[in-house]
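One structure, as structure tokens, below. Some questions next.
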Amino acid sequence: MTTVFDPYTRLAELGLELPSWKSRYEWFERTHQVGDLLFTSGQVSTIGTEPVATGRLGAEVTVEEGYASARQAMLNVLGLIHDDTGDLRLWRPARITIYGAVAPDFTALGQSATGASQLLVDVFGPVYGAHARTAVTMPNPANGAAIEVDAIFHRR
Amino acid sequence: MTTVFDPYTRLAELGLELPSWKSRYEWFERTHQVGDLLFTSGQVSTIGTEPVATGRLGAEVTVEEGYASARQAMLNVLGLIHDDTGDLRLWRPARITIYGAVAPDFTALGQSATGASQLLVDVFGPVYGAHARTAVTMPNPANGAAIEVDAIFHRR
Amino acid sequence: MTTVFDPYTRLAELGLELPSWKSRYEWFERTHQVGDLLFTSGQVSTIGTEPVATGRLGAEVTVEEGYASARQAMLNVLGLIHDDTGDLRLWRPARITIYGAVAPDFTALGQSATGASQLLVDVFGPVYGAHARTAVTMPNPANGAAIEVDAIFHRR
């Protein structure tokens, strides 16, 4: 049997629920489409308003918690796209940028960042989930959360 | 009467003057167009070469000064676009990235970043000024200034 | 005689060798194409796995070493593009982002970042090598290296 990576089926199989975005931001958009490109606003690693892990990688937050944080931040990005466009199946990732709040000397951001990349492959499959990525460090958590992610998606 | 958001009229009404860019950078461009997209180089929160506020948010720079800094950095972006393309009315923002230099424990970057978002809405109106955005922290000021902004605009 | 900036001829004249990318990343792509745009994954300033200079600008790494680091990180980006698309001559830079790991009070990132910009002009020439750019600071080195660069290229 051929596996078809329908993102909604995959999310259900993974036991993941897309966040529901009841309210819009006051000053900016959650996503902005230009032709075949879809730019998303930065999303932090929170479930609702609660950070998956509070603080900086290498201090209050472990590499594993950072992985879970990156996965959640990316799930929040998918929630934005679903909510704004109505259909995740129209889209695939082009490039994602992962910003990790870090303590001095923390050097394992790549391992944590892979939580975001893995979610895309889990949900969209190895072909349509493939993406370029950049992972960089920042000094302070974003709304308390260790990871912030933004993305450029494009038409599938 | 219908309000038409002509960016030049709005800038005049807001008492804002576009910076005049006399000189080009030596090593890179101020803007780069690809089809309907216009990428801008990062702009810092200076009036001429003088920072709106010198230092880091949460230390030498207050949230309110950060707001004014983000607004000025975005005004500088608009100056680049006007200067390179000759007509701001051809363009609208797609995504902006706001980098804020912060002291440890500063958590209110979003409030300062809104200075950049608000300027876009003030100048282009709520429809054409709408944009996706990401705000992230960085350790050091950019040429002494608290805020740096870059942007992707697209054809209106 | 008219100078034609063939990137391969220029690389040879400059004594530069494109890195050979034997292996793919496990979780993400090195480049991702969307129509005329080519997004690259972030590249650090290493020759193979060895950083050009280890540590942060303004502490363990000088401005000049930072310049060499930015140049090398950009050379690695060109290696990715050659390897994935088979022909550097099809592409030109649109915007690059340079992330520099810095010590507190280091203020000369722009000088180091110019290593990346200069390489593009050296290899593609002043017309096709022209690009928008953003340079921002980050707290920690990327895999030990002082500079990380990502880029958006487009069809020449």
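Order as written gives the chain letters A, B and C; numbering starts at 1 within each chain.
By definition in this document, a residue touches a chain if its C-beta (ideal position, glycine included) is under 8 Å from a C-beta of that chain, and two chains touch if they have at least 3 such contacts.
If you're wondering where the values come from, they're calculated on a predicted model, not measured in any experiment.
Q: Fit subunit B to subunit C on CA atoms, both being copies of the same sequence, and give the resulting rotation angle in degrees, nearest 5.
A: Angle of rotation between the two copies: 120 degrees.
Q: Look at both sides of the subunit A and subunit B contact and report whether the same residue positions are involved, with over half shared, or different ones.
A: Both copies touch with mostly different residues.
Q: What whole-number Å value describes the gap between the mean CA coordinates of subunit A and subunit B?
A: Centre-to-centre distance between subunit A and subunit B: 25 Å.
Q: Residues of subunit B touching 2+ other chains?
A: Answer for subunit B, listing residues that touch two or more other chains: 37, 97, 138-139.
Q: In their shared complex, at which residues does subunit A touch subunit B?
A: Subunit A reaches subunit B through residues 27-32, 34-35, 37, 39-42, 97, 99, 101, 138-144, 148, 150.
Q: List the residues on subunit B that touch subunit A in their complex, please.
A: Spelled out, the residues of subunit B in touch with subunit A are 36-37, 93-95, 97, 102, 104-107, 109-110, 114, 117-118, 121, 130-139, 152, 154.
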